[in-house]
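Pasting the structures in now, so scroll down.
Both complexes shown next keep subunit A, but they swap its partner, so subunit B is in the first and subunit C is in the second.
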Partner chain A sequence: MATKQQSQNAITLKGSAKLVMDYLNFGINSILFQRGIYPPESFKTEEHFGLSILVSTDEKIQQFLTPVLSQMKDWLLEQKIQKLSMVVSNVTNKEVMERWDFKVQYEGSNDSNPDSIGNKELSTIQKEIRDVLRQICSTVSFLPLLDCPCAFDLQIYTKPDVEVPQEWAETAPSYIANSQELQLRSFSTSLHRMDTVVSYKADF
Partner chain B sequence: MSQFAFVNDLKSAVRMDEPITNGPAPRWMKKSVESTSSSSNTSRNKISTSGSFSGHMKLSKETIDLMAAKRTPSKTPKKSKSPASRSASNTPAKPKTPGGDRFIPSRMSTNFDMSHFKMNQENENLDLSPTQADYRKAMSENLHGCDINNVRVLSYQNKAPAPPEGYQNALKVVYSQSKTPMNVRGNTRYIPHAPDRILDAPEIVDDYYLNLIDWSFSNILAVALGTSVYLWNADTGAIDQLLDLEGADYITSLSWIPNGHLLAVGTSLGPVQLWDVSQTKRLRIMNSHSSRVGAMSWNNHILTTGSRNGQLVHNDVRHREHIITIIQSHTQEVCGLKWSTDGRYLASGGNDNLLNVYSGLPGQTTYHSEPIYSFSQHQAAVKALDWCPWQTNVLASGGGTADRTIRFWNCNNGQCINSVNANSQVCAILWSKTYRELVSAHGFANNQLTIWKYPSLTKVAELTGHTNRILNLAMSPDGSTVLSAGADETLRMWKCFLPDPNKKKEKEKRSSRPTLLGPGLR
Partner chain C sequence: MNKSKDNDQTFVIKILDDLRSNNRSKSMQMHYDTSMGLTSNDSLLLSNKRRRSCSPDLQESILTPVTSPWESRHIKQELINARAEIASLQERNKNLFNLKRESDLIFEKEKSALEFNVNKAKLTIDQLDTKLKEVRSEKLNLKEENDNLLKKIESIVEDNQHRISSLDKENKNLEDKLASVTLELTKYQNDIASRNCTEYELNELKKTLRSNEKYIEELTSNLRKKQIEINLLENDQVKINTANQRIKCLENELASLQESSMVVNAQREKLKRFNSMENELISLREEVATYRNDVKQTEILENKVATLESKLNKYELIETEAMQLRSNLAVSEDRLKKWVDVCLGICENITESQCYPEYLRYYVDNIKKKDLNLVNEKGELHSSIARLELKVGQLENELSKAKEQIAVATNNNNKMEMTIKRIKKQLYMITWERNDLRDLIDSFQKEVTIVGNMNGEDTKMEVLEKAISGYKTRMTQIETDPSLYAPTDNDKRWIEEKNKLLKEKEELVVKCKQLEEKCIEFKDQIDHRALKGDFNLRETKILHFKMNPASEGFTHHQNELAKAKQEIEKLKERIKAMQEGISMNLTQVVDTRVETNSSQEVEVLREKLKSQEIQNQRLREVFKKSSQEFRESVYTLLGYKVDGLQNNMYRLTSQFAFHEEDNLMFQLNEGSMHLLETSFSKTIEEMINLHLGQQRSIPVLLSSLTIDLFNKQSMIMTADSTRLESVTN
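Entry: the complex of A and B
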């Protein structure tokens, strides 16, 4: 009985990675919408984690996000990722306007054992994720207006021994001159812990 | 010694009948020249090198060796040997004619010690002191949140697309919604801040792109409410229904002919009706458009109409074949259209954010289909348009929600004279006939009318009262009253341009009714 109860509450490493990826996907999409990086017409609402989240319908954005996230998931399972940076930069002069850092910490056992199991209830995790996603939406009220055409890019900080597929290349990390940082809530799946930090250009 | 060599050379060069001596000098001669010049050169070189960066003995010796090497004569004798050899012996470091095709590096300018040091140093570069290494690590952690040396930063090479061309962050509106401060200077005249009169306008179509009210010179206000046109006589207060459309058709624009009783009525299906209001009689229907006609403007007998598909048509209402010119310069719905008071310019604004200005001449029969100016500075639909009554070439235009600026254009040279941020969508603009002022009507957030001084563009007054955005403005024929039609289904009259009481008497003298002999139809 006790073991059954245990397995019901358990979350596998794969499941945890999927949750993290879902969070990143919806987080990135709602940032794209909330910060007005792409026209609001190109978004549609979807129900996730008990929230209606605006997801981009632009095929090109999805064609970019899907392979990045699936590759990230593999790396996450191998515990190679340290953080994901979503860099929002001015299209014309490439100036970095805003950076969203999603930092990953690996909890539980240190080895990347695929059978490792967490013991947190799914509903609790989802609630935590929901809280962070809500917070992302509410950041619009204080983040400075992106008053220029902006594009975004995803930079993944990995360990040096990672295998790099062909479509990937190393880039220079980007930072914002004179930036302000704000740490949002974090959530944990008991296997992965996710910290979200937004850095933005401080007002002149 | 060298002087002698030079003289000898000279002699041999001049005398042609002597045995050939102007080839390379004999070996013994060169030897003796070399030994003397090199001894003198050593000292000279020493001075020059010690004068520069390093006084190393080694370096100066090297250069001497080099110079010796340079002085060895080239195998092929040259014609101008004599002056060359002389100069070589005098300044051996810089031969004026460097030997043939050989590359001789100037070692004088190269600091070998320094280069050697630099080359070796590079290998030791990474051996930082522990504190320095710690400092770097700390800096990197501060900047990147992790030690950058243990991290690879990867990114997917097929980047996400940039936002579409011309896309403006729509959040701009969310960010700029504060009441702008008023002019601190007190105003010299009194402007009532409450409406003089409020009329109900049930079922007025809340559509930014339509022009639903117009006030005639004979003081009759025409209002389109849904499918009907009502006439409100401002003198008597009498209300008449002029027409009522059938079916799903509704009225999209109204325009009085200046100084006449003709009212043009634009409809959502396209036909434009022409009514003689004095007889309450429909004169004709003009089928110029296939989509709704949202904007109309008169220029004598020419009625210019703008439709949803961006087409402008000049109609001569006197002719059976009324279409004179079709202009296709807008790609989207035309929502603002205004002839200047002297008929020299026509301004049109569209949902494609363009403001076009066309030239015209009173009484002309053909019109250019190309605008003389096309201004793209507005970031949203241009609906609010009006020509300045005292400077006939000045046009005021206002943009929609994403733009929220009022711009002033000099149409003689096509320049933007001035612009002011209204912080709210500009739905209509009217110039005052009484004062050097203009009034603009706005939407979210305050739904106010703002009176601006021109050309200083300071705010004179803000008239609030509408609970929803203002759709249109109209001015009474005497210029004292501004009527605003709001989406809150009210028409409000503001006596904001009442003439100064001091000047009133003067005014009354002149305010005899305009004669009906003005340019009529025929």
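Entry: the complex of A and C
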């Protein structure tokens, strides 16, 4: 009975990575919707984490997001990722308008043992993720209006010993001149801790 | 007018509200009581309806305290005005109702009159229809009579024609008879001729032949005459025939006259009747005219009826519309009432007369503005909360660190206090022991001096000595024990060391604190930088998917830009071409032009040109360098400085020349070198003659010149040196 209870409460490393990837996927999708980077008619509502989240139906975006996130998941399991930056830049002059940093911290045992198990309940994790997603949606109220055609890129900050796949390439970091930052809530799966920070070009 | 008054009212009420809000809590009850006297009449005057419709707030506002009599008077006046307005409005409303009723009544009356008219018209139409039918039947009868008469006339005409044909037949018969008569005549003539022949043939055949011939001739003439006569007869007969015909015609005429007289008689009879018929006809015509008029009138009436029916329909429609409008009005009034109620419910401190949509809108706008402000404030507060949370986190970290430090410091302090306490205890014990020993010694001395050598005291002494030795051992123990080292120790070295150490410790503590502060500062900086997107470059690799939306967007944008530029170029060319007046194959011309002088190509070529220029410059530099080197090497190897001049001229200056002007000039002319005359060349004419004139070799000349000059210079040098040597000697 006791073992069963434990197995119910426990979260595996893979499960944690999947949760993190789900969070990133929905976070990125809702940022794309909320910030108006793609037309709102190309989004549909889906129910996740007890929230109705707008997910892009654009095939190109999905074709980009799915391989990136699956690759990221592998790296996350190997503890190679430091953070993921979603860079929103102006198409016309490549100026970086916004950067959403999703910082990963590895909790629990330091080695990347695939059998490591967390001790946090799924419902509480989901609640935390829901709170962060809500906060992402509410950031629209104070973030400056993006009044130019924008595109986004996902930059992954990894450890130097990571193998670079064929479709991937090294890139330069993107900084925002005159930036203001806001740290959103963070959530933890008891194996991964995810801090979300948005940096944006301050209007002066 | 009403609006302005309403506004005034609201203004006053607002002032009142303000006043009330200021001192509602304090003295409302009291003022209510006092103001009852002032406003009781007004409140009594208020109509029940108004009272019902007024919200409690409003009543309060009416009955609320009035600080000055002027205001109360003012309000009273306004109240009276408002009531008068209400009364006038009600009167107007009643009037309008009455008018509407009257109009309805008139409408109904008109409707009934019209219906009556319509019925009348229908009746007249029916009558006219019956008359028309009668007239038509009469008309038919008359037509029948007319037809009968016509038939009779036709039968008479036919009879006449029959008679004419029978007369014609008789005429023909008579003609036939005439023809038969003429035939008989010819027969008689033939008989006569035959008789003559028989009489004269027998007797005088030959004699009478001539006579016969003559006779025949006579006869022929006679015949001719007779024929003429016959013709005359025929003419006569024709005349007779014509006469007969005339007779017949006359007979016919007579008959016809008789018939016509009969007809005339009949016609006379008819004529006798004709007058009456004419009269009848006239009367009938008149009737027909009247009927026609009637018909016209009926048509007019029908038209009128149709128009009236259409009007009726319109009126019915209008009526239905009016009904609908009435119902709509009722509904809208209900809605208005609801709106007013809602308005009264929502907007506080408002009279019913103020419940206009403008006010509601104004109120809603205010609310929206407030909402917007609140949302803005909320956003600001959110951001400030987030910032404050950040700050709080930082401060908590600092606090925890400070607490740890404090704990460490307090631990140190406690330890120090413990040691101090121990040392104090030690000191106290030692001083106490010292005093004790002194006392002991004093007592012993006293005892020794007083008692002297007493055996009984020896044991005591021994015990005391033992105690002293014990104390001494204890003292040594205390001295040797470093933990019980007391400051009262005489050893200054130790104290100094201790002080030093303490100072060092304090310094170290200060340093530690400074370092900790620095550490915190650096941590803050690192956090801040991390927030700004900074990271450890050595331990990170930034990767991204090659086919990301941003790069696609950039390339797409670039392509679009290039396309747009190209199009602009094309359009410019097109405009140019159009201005030049080219109309044929415009697109082709433009394309070719764009291809030929496209700005991109120009830019590429410019870039090429630039690179070529840079290359040229570099080559020039390299060439200069190498030529310099070459010249220098030539100078050092061959002993001549070679200067290239214009017109393929070369100036050679020897390494060993005495003056700079001592140089040779050569000119390259068609592949061969020619020596030019200079001031220096005049001085070496011998050599020139020898080497150039005889040996024909410039190098030999140059080398011999070099040797010559070298010898000369070295000779001078040696001469100088020998001179110097001699001088020194």
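By definition in this document, the second predicted complex is superposed on the first by the 204 of 204 C-alpha atoms of A that agree within 3 Å, B and C clash if a C-alpha of one lies under 4 Å from a C-alpha of the other, contacts with A are read in each partner's own complex, and residues count from 1 in each chain.
The rule is short, and it goes like this: a residue touches a chain if its C-beta (ideal position, glycine included) is under 8 Å from a C-beta of that chain, and two chains touch if they have at least 3 such contacts.
The model shown is predicted, which means the values in this text are computed figures rather than measured ones.
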Subunit A as common anchor, with subunit B and subunit C clashing or fitting: clash
Which superposed partner A:Ala169 touches (first subunit B, second subunit C, both, neither): both
Touching partner for A:Ile136 - first (subunit B), second (subunit C), both, neither: neither
Which of subunit B and subunit C A:Leu182 touches, first, second, both or neither: second
Partner chain in contact with A:Leu191 - subunit B first, subunit C second, else both or neither: neither
Subunit B versus subunit C as contact partner of A:Asp153, first or second or both or neither: both
Partner chain in contact with A:Pro39 - subunit B first, subunit C second, else both or neither: first
Subunit B versus subunit C as contact partner of A:Leu76, first or second or both or neither: neither
Which of subunit B and subunit C A:Met86 touches, first, second, both or neither: neither
Contacts of A:Leu145 with subunit B and subunit C, given as first, second, both or neither: first
Single subunit B stretch clashing with subunit C - from 55-63, 127-135, 145-153 or 289-297: 145-153
Touching both subunit C and subunit B, counted on subunit A across the two superposed complexes: 60-61, 64, 67-68, 82-83, 91, 101, 103, 149-160, 162, 164, 167-173, 175, 197
Contact set on subunit B toward subunit A in their complex: 143-146, 148, 150-164, 167, 169-172, 174-175
Contacting residues of subunit C [partner subunit A, same complex]: 375, 378-380, 382-383, 386, 389-390, 530-533, 535, 538-554, 556-557
Residues of subunit A touching subunit C in the complex: 60-61, 64, 67-68, 82-83, 85, 87, 89, 91-92, 94, 99, 101, 103, 138, 141-142, 149-160, 162, 164, 167-176, 179, 181-184, 197, 199
Touch list for subunit A against partner subunit B, complex: 35-40, 58, 60-61, 63-65, 67-68, 71, 82-83, 91, 101, 103, 140, 145-160, 162, 164, 167-173, 175, 197
